[in-house]
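Structure first, then comments.
Letters are used for the chains, namely A, B, C and D, taken in the order the chains are written, and counting of residues starts over at 1 for each.
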Amino acid sequence: GEKPKPAAEKTAAPAKMKIAMLLPGPANDAGWNTAAYQGLMKLKDSGYEVAFTESVPVANIEEAFRNYAEKGYGLIVGHGFQFGDPALKVAGQFANTKIFVSGKNPTNAKMLPNVGFIDQSEFEGAYLCGIVAGMTTKTNKIGYVAGMEIPGQLANLAAFTKAVEAVNPQAKVFGIITGSFSDPAKGKEAATAQIENGADIIMHAADSTGLGVIEAAKAKNVMLIGYGADQSALAPELMLTSLIPDLSKAITQQTERIDKGTFGGVWKAGIKDGIIDIAPLSAKVPQAAKDKVAQVRKDIVEGKFSVPEIYERIDKK
Amino acid sequence: MQACLSLRGITKCFGSFSALNHISLDVQPGEVLALLGENGAGKSTLMNIIYGLYQPTAGQILLNGQPVTFSSPLAAISHGIGMVHQHFMLVPAFTVAENVAIGQGKARLTLRLDQIAKELQQLAARYHLQVDPFARVADLPVGLQQQVEILKALHHGAKILILDEPTGVLTPKEITGLIQTVRSLAAQGTSVIFISHKLNEVLEISDRIVVLRQGQCVGEVSPQGTTPGDLARMMVGRDVSFQPDRQASPRGEAILVMDSVRAINDRGVAALQDISLAVHAGEIVGIAGVDGNGQTELAEIVTGLRLLTAGEVVIAGENLTNQTPLDFINQKVGHVPEDRKKNGSIKGFSLWETAVMKNHGNFPFSHSGILNHEKMIDHTQKLVRQYDVRMATIHQSAHSLSGGNLQKLILAREITATPKFIVVMHPTRGLDVGAIEFVHSQLLEARRQGAAILLISSELEEVMSLADRILILYEGKIVGQLLPDEYDPNHIGLLMAGAREAG
Amino acid sequence: MDVDILTGSMFWTSVIAATVRMAVPIYLAGLGEIFCERAGVLNIGIEGQMLTGALAAFFATYYSGSVLTGMLAGALAGLAMALLLGFLCIKRQLDQTTIGVLLNIFCLGLTSFSYRVIFGISATPPTIPPLAAVSIPFLSNIPVLGPALFQQNLFVYAALISVPAAYWLLFRTSLGLDLRAAGENPRAAETMGVNVVAMRYLGLCLCGALAGLAGAFLSLALLGRFVDNITAGRGFIALAIVIFGCWKPHRVLGAALLFGFAEALQLRLQAVGMNIPYQFMLMFPYVLTIIVLAMTSRRTFAPAALGQPYARENE
Amino acid sequence: MFIDFVQQHIVKKCTGTSATVILAAVILSLLCGAVFIALAGANPLEAYYDMLKSTLGRYYGVGEVISKSIPLVLIAAGVAIGFYGGQTNLGGDGQFYLGAIAAVWTGLLFAELPWPLVFILSWIAACLAGGAWGAIAGVLKAYLNTSEIIVTIMLNYVSVLFVSFLVHGPLKEKGGFIPQTATLPEELHLPIILEATRAHAGILVALIALLTLWFVIHKTVLGYRIRAVGQGLAGARYAGIHCGRYITLSLFLSGALAGLAGAIEVFGIHHRVLEGISSDFGFTAVIVALLGRLKPLGILGSALLLSGLVVGANAMQVSQGVPVSVVLMLESMMVAFVLLGESYRQTAAK
């Protein structure tokens, strides 16, 4: 495995700042955390000195920020909305450290110049996945397995549903919230339940729980849409596409903004910014769908179309 | 003849306390050796060492002249030693046959309960015991449980059999049976070590008597020409009176009145059927009967620990039917329970916490919810002095007292609370003669002061020497009432066994 | 919501099959817990033993290619952790609750550490093909029940067979009697020549091995992979169903099935679009456990000496 | 043979006092932990140095140790009351969450009232919420004989889910997207006692709770009865104590303290409720209570030890990149070694 060694390795470009990352779950969850971890590793490859701490419980966040700040890290990334509050609490005491939270900013909270938020519009990617699913399904039943009811997850599910409705009004989305990002056995059962209910495509956005979804789909030969990275290697025959958040780009852009002195505030970023995308579509996706996806994607990038951003359940009616 | 078991200089220390001090003893084949001694003299400790449960601090055990060490009971068992323990070593949730089968599987997998049951039935027939091999032990009255213990030891077929107070809970008839059994075992060559506080049966059963005091052998006598008084003197070191001094006292108003009471036991079976009785102030009413005929339930009924299914309980004019134990306590009801450790005291509680179990919530022991430790300790010190409770310190846990001393503490607590009514159950079970003498005198003193006393005991002699009236309980019914001039052990024994009183 | 779906036989077949799948790991662990609790040891560390078993089984299968090797490795790993608990709680007589809780924490750390050291971090974690279902001729053709019960993998059949086997061992053999005696009244057992310590170790070893197998079920049979904390609290459910099932194998199986049924049902009700906040759906199995437990526990069947350390010369 | 020798000549000599045992246990567990740290590619010596420096060698670290020990002390005091009453309360987590949410809910509802009143109201609400949760287990145990261990564990799941429902739905901050409640107004934040750290005045509440625990258990009729019920149910009933009431009461008090812990934690640290604010405090508190032998000083000591361990381990993760898994192993080994050392000391003392 790869271990960060903050003290040991001398970087090629010593001018570059040290970057630390706090993950809410294990780095190898094959989802939210792995995606961020891989982003961090890309930065490491490009010469930054990096470190990370994983599975940071809410109770320890503030302390972890502080520990890195005291160690002289220039940029600390908190990967999830729950890092927002503690970031704002700590940042005041460490003016030289920038804290970057990848998640929604807490409402009503006073912002600080050295805290930045990126509100990743994953739901834009989920919308594209919805188009794929809606135009590929034969049974007109589509499953969606989510981890917990947090904003990003809700928005993804709603956007996905909207897309399905838009391209295929007959199709229905059935979502299950498993209540956990780390219980693949439950994920597998959830997906099995959907498959037995007639679903022929299942999207997951549930990290380790999603690994169980993939197993269920493989067992019943049902098509899949993955999350976190291009998951086609996990089920080459079945994976239609995957929703990929790329945090490395976001962080690189932040370092540039730090250099330029424009760091801070809330930055809403999605497909247009190259932060969110979907993996290349598999051969199983009909050409019409591929065209539609390309079209919508172009519209989003050009600002002609804005994906509905809804934070509630609309999948089952 | 060579001794089949010899102890050489056995010493046993628990921490700094030495329970046994250089004990040496020989047991001959086919001999019945009785071991006597006050409570806490070290009898059970010595036996547990022979059985491999305890390791001696010093000394040696020889079997047929060969030194042996028993690291566990398994080793002792395999050398042909069997033991009936003073405290039941039974699994209540198992049947009798299962209890006997524990540890007996030769090949470890075969469990032939039917076979064992058959063997048990044969044994039981041979020794005139009545035990159903398939009954759950928890459902058996203590007398039968004791028989199960004896059957267990017999089933082992031991060459040396240790019986540690086996007769405490047996009826006179059962005791006679046990004595016969022991004699016939001895006749067949089995050596028996027999421990009891009942001096008459010791004289009857034994070939030789050894007396222990404070962990040392203080004498050895042959039963021939020895009287109970001699034995008592050897044990306690002074003269003991066996016949309490019961003077007539005026009988007052009725304190406890039970009217047509019915109750069920823990298994849901009818335990008391239509009991009506009254106990007056200044009177001791004895309840005689074989254990398991409703005595336990009767005691619980008159203290609020068990619900009635029908009838009424009135105490000093107050109807307390199905009220809580607290209501009974508040009505000045005392209770010396059957099981001193389970009910009468609380594990881990010190002597002074135990001494105020019932009135810790009252002045002066507490005030507006705050305990007054000083008052509690003072009070306890007084009780302990008055009742001669032998202890190391008042702060030790009550459960670490010897049985007799714990009993004295409980009696002290219950009697000094000047109860209007007190139910006393098996007050001297397991006590040595000296302690019995004291307990009896205290009960009579309470009577003199006007308490109404319900004395429940399976010890017929005790009931006859203390009670102003005896009621005989059989299968949950009162089957007879006798006044002192009608006391006749044979007649009472018949009634206890179920014969109805004529008229 | 598709109400008609609730009445179709397909639906119930799938519910039953899912019930069985969800029940097997907690049943296997619960069965193990029966053995050690019957011997008097409260093994709260069972979650940790499952976790260790899950990793060891995955690891062994991944490198040997043989599922049987994997199952063996899982059982041995669970057993090793049980022995550790045995040393501390039987030999050293430490508090069983504390050590159990500590063992769970330790195993969580140990497994995720070992997995990381062996396999590293990757977006495409290693897998093995999950154990295939074996359908039993004839039986699997029974309507509704057939496909649910007789098209399952080996673990499921093993679990079903284990019920009479465990019953026989516990209640029809001398060994079982001695083991139960050690948990009911260790002192009495000792005076009957039973080696109480050995019995307690035996119960704990059986428990560890079965817990390891339960973990192996998750990593081998169900998922074909390992993830951190893959057991997700199933060990605690196993503790519950043992009490629920009165320490008897068949009743514990029943309890496991009930729990599995609640899980399967709530997921399916979510899948068909029942509109209740999902938190209440997820609560269902736990609430059901409490209710059924409350209704059935008037009489207690717990081994009398459960959780009490046994030392010979103590009072 | 060898073990006997070690026990007689080494353990006996070295284990005169608890302090030396604890020291030896800590050193041994650090040695074992060093192997894993080295395997993880970090330098054990540096890691341990950072661990020590970050806890005792740093002003902020001391504050952090104190702040982390507050919920542990409170929940452990509750666990101890449960144990005194013969009840094992493994439901600390669930009671903590319910207490937290009840306190915040009440605090927000009555935010207009003067702050001392709001404090009192919301803490009472927390105690009632946590206590009610404990009392459910208590009533089921007392009157239906249902195992409180299982019920409290099951109730953990239920209350975590229930709080999740509340923060996603009815109690979600108005206009917010994040599943968390609104923030408590500034004047309801507990004052910080060590400036620029997180050590807040909740520690006083925790200390008062410990003193109260000791006083109630040993000096009051209530405590006498709880202990009586816990140590001998039949004896307590015989003594006229209403067993059912005191079983329920001991679990109620146990839950109430865990609920109070939740309130203190949100008033002192988070100022609002969101999911995940307890990282298994309930189970850790059981260890704290038993390690501290249910005694106030013992509980305080072991809570400080465990939170010191957590703070040190967090620092070690950051400075040396030691993974969290090693930290878990290190923590559990250290507590186990301390217990083991104590047991050897007691054997040797006999």
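The criterion applied here is as follows: contacts are C-beta pairs under 8 Å (C-beta built on N, C-alpha and C of every residue); 3 or more make two chains touch, one makes a residue touch a chain.
Predicted model, so just to flag it, every value in this text is computed and none were measured.
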Selected interface, B-D versus C-D, where C-beta contact pairs are more numerous: C-D
Of all other chains, the one whose Cα centre sits farthest from chain B: A
Separation of chain C from chain D, taking each centre as the mean of its C-alpha atoms, in whole Å: 28
Distance between chain centroids, defined by C-alpha means - chain B, chain D (Å): 46
Rounded Å distance, chain A centre to chain D centre (Cα mean): 34
Touching two or more other chains - residues of chain C: 112, 116-117, 279, 282
Shared interface positions of chain A, touching two or more other chains: 149, 179
In contact (per the touch rule at the top): chain pairs: A-C, A-D, B-C, B-D, C-D
Contact set on chain D toward chain C in their complex: 36, 39-40, 88, 140, 144-147, 149-151, 153-155, 157-158, 161-162, 164-165, 168-169, 283, 286-287, 290-291, 323-333, 335-336, 339-340, 343-344
Chain A to chain C touching residues, read off their complex: 1-2, 26-30, 34-35, 37-38, 143, 149, 172, 174-180, 182-186, 188-190, 192-194, 196-197, 208, 211-212, 215, 219, 228-231, 233-234, 315-317
Parts of chain D lying in touch with chain B, wherever the complex brings them together: 219-222, 224, 227-228, 231-232, 234-242, 350
Complex contact set, residues of chain B against chain C: 14, 51, 53-55, 72-74, 77-78, 83, 85, 88-94, 98-99, 101-111, 152, 399-400
Chain C residues within the chain B interface of the complex: 172-178, 180-181, 184-185, 187-195, 304, 312-313, 315
